[in-house]
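I've put the structures underneath this note.
One chain, subunit A, appears in both complexes that follow, with subunit B as partner in the first and subunit C in the second.
This part shows the complex of A and B:
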């Protein structure tokens, strides 16, 4: 939230841009593509199925209206990728610009419960960062709950570094260019 | 508490903060000041957007922006407080934390109310460093609403 967020000196680039097709660890054919407006309903449905126990820091919101309002902001303002298992959205990741300057982007990622722990999250991160890199995004940040070791490890694997450990939430950042 | 400063922002939760502060202030007959700060960036964006509207010849400057911020604080006050509760609306332009501290000092406020939770661009609820900085730098009690 602050304007003086710290970013790594070195850029971490070379991420694969979408689309990306692969077989996940459960043997499912998954394709990650940049979001298209006509896919909004399918992504809304994914969030309607989202287990409230997996919500973090208040998102995704609950209830159809709130999900739609929240999602419309993400797709109108941000860069988005969606992981598809056939017609079904299995995951969604987003980069949303900061209102303050529009040069830095916050990252958030969601994988539907039954598709978790199958390697989809890390490939979606890769595609989202590749998408951002191609679109000229320079700096990316995120916050994560401290206890969420799995998420922190994934972010570190992608090149994120801890930029602020003083707040309740751990803040991490990455430079793409 | 003699004079309370309440920080009003654009989030829905700001109304609850104003209501709570209003009740506490009324209980001890303290004065109530509602402050809204427009950031320099918001001001510059607005100025640029208006300048790009063909045929828009009214002036938009610091004074108009301050008046806009004051108007915003006034509207939130009217919506959140019951009729008959007196308050004064203040608008300022600049860095939010600095303006909060300066306004509190200028107006000799002895208590600041600020919303602790803020929404990040992706909608995450964050504790945020605004409340933390105000709490550390204001020389008096700061009430932080985190609901």
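This part shows the complex of A and C:
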């Protein structure tokens, strides 16, 4: 299914790598950093607080055990950035390599409800892609529910192009190198 | 109930077969299992048919197995309508590396186009 995925011809690079500190639109001090293993509990807690209505295509999973199992795959195999408001994880974005080739990466981003619409998501995207770029990731893809206009325009702003519009979800892709 | 099960040769359709057979035994459903020859799978239609036969026989069920050629989704929908099945059953929902559920093209087609109720086995 990923073997014939279409990617843009042109690379979109020059993303800022983490860390990145800024004040969000609500005046909160937020810092985005590459994930460190000792932060796993704080990120798990963020997902325990996640509103089920904000789930997409079955993730994040619900229940402590399922959240931990899912997160361990992401942090062991993928590249991750976390947005921090003090000690609290406000958002998490991840690039997970495709099992078949390890060259292409699937992207997902999650922002806790109370931190949404404050400019955190777009900065996390920037940092995640910057992190991926620095680590040599070449191609990134994602799927998004087509009614989720806010997410689609964020991805477009980052340089993602629609690569498959025939399914329930839109598939979008981007080339970093 | 008169049930039509589509077998496309994926892990999901193995699960669907198992669940549908169990349910048919319990509920006394009339089961027809359709081996979808046009589906994109690694196993041969003969393998799929003997696997289905074995599972059905082991359960002591009297079910029909048939081969369906042509476009799998539209054929399933067509047969269900033409022959008056009450329900269509398909497997569906593969997970991406990220863990996102993705529905295959046959599943999507059946969900959108079937006139009868569809059970998606997960």
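FYI, the second predicted complex is superposed on the first by the 176 of 177 C-alpha atoms of A that agree within 3 Å, B and C clash if a C-alpha of one lies under 4 Å from a C-alpha of the other, contacts with A are read in each partner's own complex, and residues count from 1 in each chain.
Definition applied: a contact is a pair of C-beta atoms (placed from the backbone, for glycine too) under 8 Å apart; a residue touches a chain by one contact, two chains touch by 3 or more.
Everything numeric in this text was worked out from a predicted model, so none of it was measured.
Once subunit A is used to superpose the two complexes, subunit B occupies space that clashes with subunit C.
In the superposition on chain A, contact of A:58 is made with both subunit B and subunit C.
Once the two complexes are overlaid on the shared chain, A:112 sits clear of subunit B and of subunit C alike.
After overlaying the two complexes on the shared chain, residue contacts for A:83 are found with neither subunit B nor subunit C. Of the two partner chains placed by the overlay, neither subunit B nor subunit C lies in contact with A:140. In the superposition on chain A, A:75 makes contact with neither subunit B nor subunit C. After superposing the two complexes on chain A, the stretch of subunit B that clashes with subunit C is 5-13, out of 5-13, 41-49 or 59-67.
Overlap of the subunit B and subunit C interfaces on subunit A comprises residues 1, 56-59, 61, 70, 73-74, 77, 94, 96-99, 106, 108, 143, 167-169. Across the complex, subunit C meets subunit A through its residues 93-103, 105, 108. Those residues of subunit B lying in contact with subunit A across their complex are 39, 41, 118, 120-130, 132. Across the complex, subunit A meets subunit C through its residues 1, 56-59, 61, 70, 73-74, 77, 94, 96-99, 106, 108, 143, 166-169.
Taken together, the subunit A residues at the contact with subunit B in this complex read 1-2, 56-59, 61, 70, 73-74, 77-78, 94, 96-101, 105-108, 143, 167-169.
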